[in-house]
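Each of the two complexes below includes chain A, the first together with chain B, the second together with chain C.
Coming up: the complex of A and B.
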């Protein structure tokens, strides 16, 4: 029963969602809206569960004085400050925005900025010519990069034309192949869930 | 009753589901099972776990930022098959596993998947709440936390399989910096190039969905794979017929398909 009941609920919810997508029946649309609202409520509980796991994990780290335990103190303190500020003054208050705009937003932007350097280091490793595939990758990347800067066209007027062909023909056809096969894969996993044959998310194989 | 604009997608869905169902029911009855081609990225999973075991270092797994109620749900469900397999291997070899989770709804499911994997291998005592860790549902906060885990616990194998977004590059390069062997996989087109350049092995698109069949050799999943192949053949035929008829100037087929999609 531990697996059968969730499988039945999952199949029912899946069928309602499919029906809502394809059938123009108001009752189905209304049921689907209700299910989505329940999903949001369950999501709230899941967030509480996750936060409890996070707090417990870091409390244990502090208690055991694990490596860099002081970072766990900072994390728990930040969690407490943001949670208290959110509950007491509300997320739209100026002082809450102050915390958000001056702490979280700059740190997020810094990390996003670091992506540029990581792209550079990954490209350096990938574009090292070790075999024919890597050579093709390097040549293609070089043409596409050159086409996106004025220097490319100055070097050879055909570079933007070749770049456009690369993106419109081999690249696009490859992308469409991946999209079609991934959609079929998604459909297969969906069908297995509806039939109760997909067991991995219940802890089965 | 049927939305007129969705006639084509509904028809295709029914045909494809019929083909997949036929194949998996044939496989369930024990008829001839399809042979799965060699997928290097899937074979590298055991190699990466073996490497981590030899080094006495942990294995890291993440299903990415995709959730259970968004468009990446299929990939996340597929990633549980990998998590289950990796957890069983880690339990078998007594290798430390760290599964970091971004979406709060994925967290309890991932925890259950890992717990059951340890029970299946007869090692329930090895399962601890520290294995599956919810970090944050904020993208960059999750990235920072994973990078912190990499620096402190230095995993020797990193698996990134599921619904990945802009965090791909940061996490994959973070793992490359500490010298971890990496297997990535996603069906999200924009993240695939990042995975290809930063991971040692990458599962491209549908290979993510084929993992369960390849690793588990489950007849149902193998049958499903055969059904997927039939769907791909049908898709290829439709594309080929469309291209040829348009090139020859016969627009009937194109018009019929076009009307069903409008």
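Coming up: the complex of A and C.
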């Protein structure tokens, strides 16, 4: 029953969604709308579950005094402060906005900003032309990088034209192949899930 | 020469970091702007918004985090200002957890004088569930968002009184840095409802959205900070994106220089090794 009931629920929900797309039956449309609304509630529970798992993981790290366990203390403390603030005073309060805009946002932006240094270092160390494919990749990268800055078109007026050709011809062909392939793959996986053949998410093989 | 090339190839990476830092810091001291051409993808979104008016409702989904605010946040501000100038009604509805705060920041910094919250624009907050939440909101908006970010019920918000589903909107705009992104909104908005949709994404995601633009499933595509800078140029409101282009220009040039130097040293040393064998 542990696997059969979820499989039946999955199949039913999937069939309702497919029927709503292809058939114009008011009862099916109404049921589909309700199911989609339930999805938002389940999404909220998934967030809560994720937070609970994170808290449990870091609590274990603190209890066992693992390496750099104090970082876990900082994480749990920040999580608790923000959660309490959001629930008690609300995200519209001035103090919440202050903490968000002056602590969380700058730290978030700083972490993202640090990647440029590593990208620069990687470009210097690893982006060498060792074969013809690497040469094509390097030339393409140089043209696309130069087209992403205003100076590129000042250096040579054809850079934006060549970059547009790269985006509209080889890139477009490759991306279309990826989109179609992933869509076909999604359909296959979806069919397997609907028929109960895919059991990994039930804890099976 | 060989020794110099070897030193150059094995240069301490801290020197590389310092040069990148200087390249990005210089425009803060001596700001500069360069003329730039407007791409067709940005121009088509601008032309579409130019035709909107007070009877048009636009759903804007600011699904980005503070880390990407410099990348797509400038475009969000510019497009919001343009929509306000046209008199269109803007409904911020987020499907990423940081979206409501990003919307608040855009509203705080870019709302033109004379515009009223709840009448001309509103921040409806965040709904979890990814593409499923998008599908639900576009099918039954009041049920998905019964209150706004401030907790005001929809019945007290004039702007969303006539917004029951995606059939009532004139345009959907997504600001995204990952996840289901443009493809998800094409599946949930364009294909079922036939409504226009535009996306503003990072540079890495731009190429993946070109097929949707070419297939006319996207009416506009704003990519990265440069796309935001183009839009600011079009609406004649220089702001964060145009200001950031100086730093981006110098940093990108430096990375191009690094690639060239790396290959010059590599080939010089390779030739030297073959010669001495």
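Everything that follows uses one rule, which is that the second predicted complex is superposed on the first by the 174 of 205 C-alpha atoms of A that agree within 3 Å, B and C clash if a C-alpha of one lies under 4 Å from a C-alpha of the other, contacts with A are read in each partner's own complex, and residues count from 1 in each chain.
One rule holds in what follows: a contact is a pair of C-beta atoms (placed from the backbone, for glycine too) under 8 Å apart; a residue touches a chain by one contact, two chains touch by 3 or more.
These figures come from a predicted structure and were not determined experimentally.
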item	value
Which of chain B and chain C A:100 touches, first, second, both or neither	second
Contacts of A:142 with chain B and chain C, given as first, second, both or neither	second
Chain B versus chain C as contact partner of A:191, first or second or both or neither	first
First (chain B), second (chain C), both or neither touched by A:167	second
Partner chain(s) touched by A:39 [first = chain B, second = chain C, both, neither]	both
Touching partner for A:68 - first (chain B), second (chain C), both, neither	first
Partner chain(s) touched by A:23 [first = chain B, second = chain C, both, neither]	first
Partner chain in contact with A:175 - chain B first, chain C second, else both or neither	both
Those residues of chain A which chain B touches in one complex and chain C touches in the other	21, 36, 39, 42-43, 46-47, 104, 108, 111-112, 119, 121, 123, 125, 175, 178-179
Chain B residues touching chain A - in the complex, by the definition given at the top	1-3, 6, 9-10, 13, 16-17, 20-21, 24, 69, 74-75, 77-78, 80-81, 83-84, 101, 104-105, 107-109, 112-113, 115-117, 119-120, 129-130, 132-138, 140-141, 143-144, 148, 152, 166, 169-170, 172-173, 176, 187, 189, 192, 194, 196-198, 204-206, 208-210, 212, 216, 218, 220-221, 224-225, 227-228, 231-232, 235
Of chain A, residues touching chain C in the complex	21, 32-33, 36-37, 39-40, 42-44, 46-47, 90-92, 97, 100-101, 104-106, 108-109, 111-112, 116-117, 119-121, 123-125, 127-129, 138, 141-142, 145-146, 148-151, 153-154, 160, 167-168, 171-172, 175-176, 178-179
Chain B partner contacts - residues on chain A that touch it in the complex	21-25, 36, 39, 42-43, 46-47, 49-51, 53-54, 56-57, 60, 67-68, 71, 104, 107-108, 111-112, 114-115, 118-119, 121-123, 125-126, 175, 177-182, 184-193, 195, 197-198, 200-205
Chain C residues touching chain A - in the complex, by the definition given at the top	11, 13, 16-17, 19-21, 24, 34-37, 39, 65-70, 97, 100-101, 104-105, 127-130, 132-133, 135-136, 139-140, 143-144, 149-151, 183, 192, 203, 206-208, 210-211, 214, 224, 226, 229, 245, 248-249, 251-256, 258-259, 261-263, 266-267
